[in-house]
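Alright, structures below, take your time with them.
Next, two complexes with chain A in common: one pairs it with chain B, the other with chain C.
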Partner chain A sequence: MSDVRGWIGERVPVSIEGIAAMSNEPVPYHLKRWWFALGGTPAYLFVVQIVTGVLLAFYYQPSPATAYESVRYITEEASFGWYLRGLHRWGATLMIAAVVLHQMRVFFTGAYRKPRELNWMIGMTLLTCTLMLGFTGYSLVFEQLSYWGATVAANISDTVPVAGPLMKQVLLGGETYNDRTLSRFFILHGAVLPVLLILVLMMHIGLVRLLGVTEMTFEGEDPAAKKQFNFFPEHFYTELIIGLTLMLLLSALATLVPAEMGPRADPQITPEVIKPEWYFYVAFRWLKLFSGTTAMLSQGFIVFVMFFWPFIDAWLVRRFKYADISVWIGVVGALTIMGFTMWEALVAH
Partner chain B sequence: MSHQALPPPLDDGAPEAPLTRRTALWLTSRLAMLAGLVGGYGLFAWVGGRFMLPAHTGRLHQLFVTLVSDVPDGGTLLYRTPDGRTVNVTRRGQTGAATDFIALSSTCPHLGCQVRWEGQNDRYFCPCHNGTFNTEGIATGGPPGDAGQALPRYGLVVDKGLLYIMVPAEQLSMGDVAGVVEVTSPVGPGHDPCLTCVQARTPGPGSWGRPA
Partner chain C sequence: MTLDQKRWVIGGLGFLFLLSLVSVQWLEVARRQHESGAARASVSTPAASRQCVDCHSQVSTGIVEHWTGSTHAEKGVACVDCHKAEAKDADVFSHYGQQIATIVTPRDCARCHPTEAAEFSASHHSKAGNILASLDNFLAETVEGSRAPFNPHSPTPGRAVQAVNGLAPANSGCQQCHGSLVAFQGSDGGLVTMRDLKPDDKGQPTNMDAVGRIVRNESGKPLFSSTSWPNTGIGRLNLDGSTGSCAACHSRHDFSSRRARQPENCGKCHLGPDHPQKEIYDESKHGVAFRDLIGEMNLDAKPWVVGKDYSAAPTCATCHMSANMRNGMKITHDPGERISWTNRPPVSLVMDTDANHAVVTETDPEKRRAAIADTADAKRNRMKQVCSTCHTPDHINLFYRQYDDVVINFNEKFAKPGQAIMSALATNGMLTKTQYDEKIEWTWYYLWHHEGRRARMGASMMAPDYTQWHGMFEVAERFYMELIPEAREITEKALRAGRGEQARRANQVIDEILNRPEHQWLLKGAEEQADAINREMQRKYGQTRQER
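Right, the complex of A and B next:
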């Protein structure tokens, strides 16, 4: 055995002990609480999305003439196609939910504060990438929602002052939805956005590793108790259990609530009731309340505030001398988002 | 999950430790976890591998070929399936039923070359490796004959004077346009790609043909 190790060691001069020490990060004891393992959940789901997405791409054909039929083939004829498509669809939904929950946990525990401001902004980039992956993903099916969702999104882009028309052309590959649009969405969904997400995720995890996880203490805790434990094997086991539980949950959802197909895209007929996926309900409702440019600019402002929140929060704390001001703003923001989402979910128009 | 220190692993050199209840539980839980991981992800890997293989639903679709009256006895037409495979459809009777016709793939089962009909020898011939097939598509010589192969045969249906071919459902998803590609004079049961030679051949009984 040592001969084999020596042989490999000569040719690949990497210190196993060094790698083990580097990966074996001591993590704060509060990570024993499941709520604090939410950061690993979207990362695990992203791996599920990559694996199932690569498999689906073997059959998917990104052109208006073939896209719908190829998704039908995957769903109805390919072996276990219904299951893999179900995993991919539910994986996307759970990934977005997990990212939002992780972000809320970071927000309400103030874990974005100095020196972790940049990692919050990197996290916001990850959220944006995830939402764009969701949007480009359901655009690929080429059902009515795909077509009209893309059309509406392109026209929303068009309302942005100055850069809007260019954004629309880049998104659609023309003035309107055309033969080249689907291949754009496919490359964005299957190559550009995942690679971008992987790179940004590496920066996110790298900064977590460099800065360490924020230590927290809870009421009733023994002050003399152990403060940290090793990432491997204990936290790694926690992540393994979460992974298996997620696979069970995804399998159950893919089987009990399978991914279906809506009517094929028809550029002549806009359906009477059309809604995006649930994670865009807030933005969709907002668009109904305000005119195009106003809605776009106000949403842009909200996203800007969310991106730079750590610095805005620091200014507010200095100004009002009240450390928990972000909690109350967060509560109002979360309730507003939930309210708008429920509102959009409960009404037809 | 237990946060207490785990029992030390058994060392080959150390005296054998008695198997306590705690050690047994520790070992069992880890074995169960390992079995779950291997079983769960192993099953998923199998599902992914199975997905990669082409699906064979066994379902057949009925596609229109031509009017029965358009094919005289002895005549042959070359039909292209939706996925681009070519089939020789030959008429061998005059009852007007599906049994009058035989539909044989023009692809040699040996290595996929296109076979051609040799009227003078009353056989299909594959130019790649000298494979030969009789009028029923059964291999009679060459590598396919040695392997006991035959030209794949397609089902045919006649309904209200229309001739239909039965093709596997998975061939439909390719999106190519199916239909009759070429027709030849009834020089034999098979299609001969040498269409320009048709004039030079001895016409058989019930000569027919479509205008070019």
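Right, the complex of A and C next:
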């Protein structure tokens, strides 16, 4: 055994002990609270998405003539195709939910504050990538929602001053939805966005390691008590429990509420009601409240504010001398997002 | 949570995850079995039928296996529920403690399916057994066979043939589609049928003398005559007075609606030289799409509504019987409800029907209006509702115009003239009263009953080859090259026999027909068209039709 390790050690001069020590860095004590251990869930789900996505891509054929039939084949004929598609679909939903929850936790605990402002912005980039993966993902099925969702998104992009027409062109690969649009979505969904997400995620985790996890103290805790504990095995077990619970939940959802097929995309028939996936409800409701350009510019502004929030927060705290001001703004923001989502979900149009 | 507790939780969750994967595997296997038809729903046999199932799964495994895969089995409907009989029924017998009958009739099915049975009994299908006075029946029973048994022509080595059953062509041919007159063997050597039993409203015999003549075996089971059973002809005349057989389409013992929805099911009878509807469908775009897209037909769906549950292709059932989005998803078991021409007689008739669902033949407009209970237009509109699932109103209306034109062209150019010529020959004493004893009667029969129907039915279901080459082309050839020359030959013969006046009257009818504009090409020639054809053939192929 030692011969083998020696043989490998000569050719790969990496210290296993060093790696073990690096990965076994002590983690803050508050991570013993389950709620604070959920940061890894989007990463878990991302791995599930990669594995199931690769398997689905074996069968998927990205062209208007073949896309719907290939998804139907996956769902109805390919061995375990229904299960894989169910896992992928529910994985996407849970991943977006997990990213949003993680972001809210970071926001309300002020974990984005100095020196972690850049990591917040990287996190926002991850959220954007995840939402774009969701959008390009359901566009690939080529059901009515896919086609009209993409068409609506392109028309919305078109309303952006100056850059709008170009954004539409880039999104659709032409003036209107055409034979090349789906392959564009497929490459974005299956290659560009995942690779981008992996790179940005590495930066995100790298910064977490460099800066360390924000340490928190809770009411009633002894400030003199032990502040940290080892990653192995205790926190690793926690993560394993969360991962297994997630897999069980995903497996149950994929089996009990399997992914179905909507009507095939038909450019001749505009559906009476068209709604995007739930995570775009808030944006969709916003668009309905304001005229095209106003809606887009205001949404752009909100996204800009969210990106640069750590700096805005610092300015607000300095200006108003009140450390929790962001919490109250966050509460209003979160309630607005939830309210708009519910509103869109409950009304017919 | 301590480390040990965490380990236990991880172990438990890991086990549950493995279980979930096993359940996924189980679901996948179940799905595969279902798709391959190997899956069976759980069946619990009702107590009354348990003994039947136990015994018959040994002695006639197939019927039990078929039933096990049926919706009946899923719903707990078993042997006795359908086969049970009343003590007063003519065909009742005791079988291991149960009073049953062999044949299940529409009256039995109506116990659970009253609407379907009522629609079916109003249909032309259920009356298909009344063919006693038809040309087809005469052909089978007299021309092809013999109404009375006859002595063998000579001995058959290895087989002692005492008397030949001349009804064999009718029994194994006509009646297997049209339905037999179900008969028991009579103790007097004759047969006992519903006509002897005279069943009442409940289907029970009123003529006890006839019941007494039924031959039974030692265990009391009545013995059927092989002239009538086995038989699942769609218009079977049953002992309880009901007509028809649900099993004609819903094959026993699985009664699969999936199978009834497929064209092959109708093709048991609707094919062949005289009514090749199945082949016509196969040739049509509808049939081509069905073969290609059968996987998308959702044939097991309940309900099975075109435009909702499937839209890949229509089958016979789709157009003639099944539910659609435009008709309030109403199914009918009377295919005649959506048919606007009857192409069965020599001259097609508009399908205005009376209260008994019979075609109204009255020509006086007032009397005709009074007699009609359901118009052909209403029937056509019902069919158009099906068409409109996939086609625009313009498309549908123009298709119907094309179909109508073919029927009317056939009626006016060949059918009515053919009838007039045959009538002129008959009324002038140049044909015997007996059918099929003269060549021209076979010629005329081929013309309307085979070729004419093929042309009309071909047009009705968009099969161009059946409309043209198997249809109108053969009609024309039969008319000009056989019917007319044979009619002329008959009149010549009459003239030579000194019956000049009769021959003149018949010839006058033929001359009047041939001098009509649509037939003039034959007498006056069409040389300009012939020249044009020759020039075109020369240009295309370097040859004309006369020389190489």
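Operating definition for what follows: the second predicted complex is superposed on the first by the 348 of 349 C-alpha atoms of A that agree within 3 Å, B and C clash if a C-alpha of one lies under 4 Å from a C-alpha of the other, contacts with A are read in each partner's own complex, and residues count from 1 in each chain.
Quick note on the criterion: contacts are C-beta pairs under 8 Å (C-beta built on N, C-alpha and C of every residue); 3 or more make two chains touch, one makes a residue touch a chain.
It should be emphasised that the depicted structure is a prediction, and the values quoted were computed from it without experimental measurement.
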Touching partner for A:Tyr237 - first (chain B), second (chain C), both, neither: both
Chain B versus chain C as contact partner of A:Asp266, first or second or both or neither: neither
Which of chain B and chain C A:Asp324 touches, first, second, both or neither: neither
First (chain B), second (chain C), both or neither touched by A:Ser79: both
Partner chain(s) touched by A:Asp179 [first = chain B, second = chain C, both, neither]: neither
First, second, both or neither for A:Ala252, with chain B first and chain C second: second
Superposed model, chain A: greater residue contact from chain B or chain C: B
Residues on chain A lying within both footprints (that of chain B and that of chain C): 79-80, 83, 234, 237-238, 240-241, 244, 247
Chain A-touching residues of chain B, taken from the complex the two chains share: 1, 3, 33, 36-37, 40, 44, 47-48, 50-53, 55, 57, 169-170, 173, 175
Residue ranges of chain C in contact with chain A within the complex: 3, 6-7, 9-10, 13-14, 16-17, 20-21, 23-24, 27-28, 31-32
Partner chain B, residues of chain A touching it in the complex: 32, 51, 55, 58, 65-66, 69-70, 73, 77-81, 83-84, 229, 234, 237-238, 240-241, 244, 247
Residues on chain A engaged by chain C in the complex (per definition of touch): 79-80, 82-83, 233-234, 237-238, 240-241, 244-245, 247-248, 251-252, 254-255
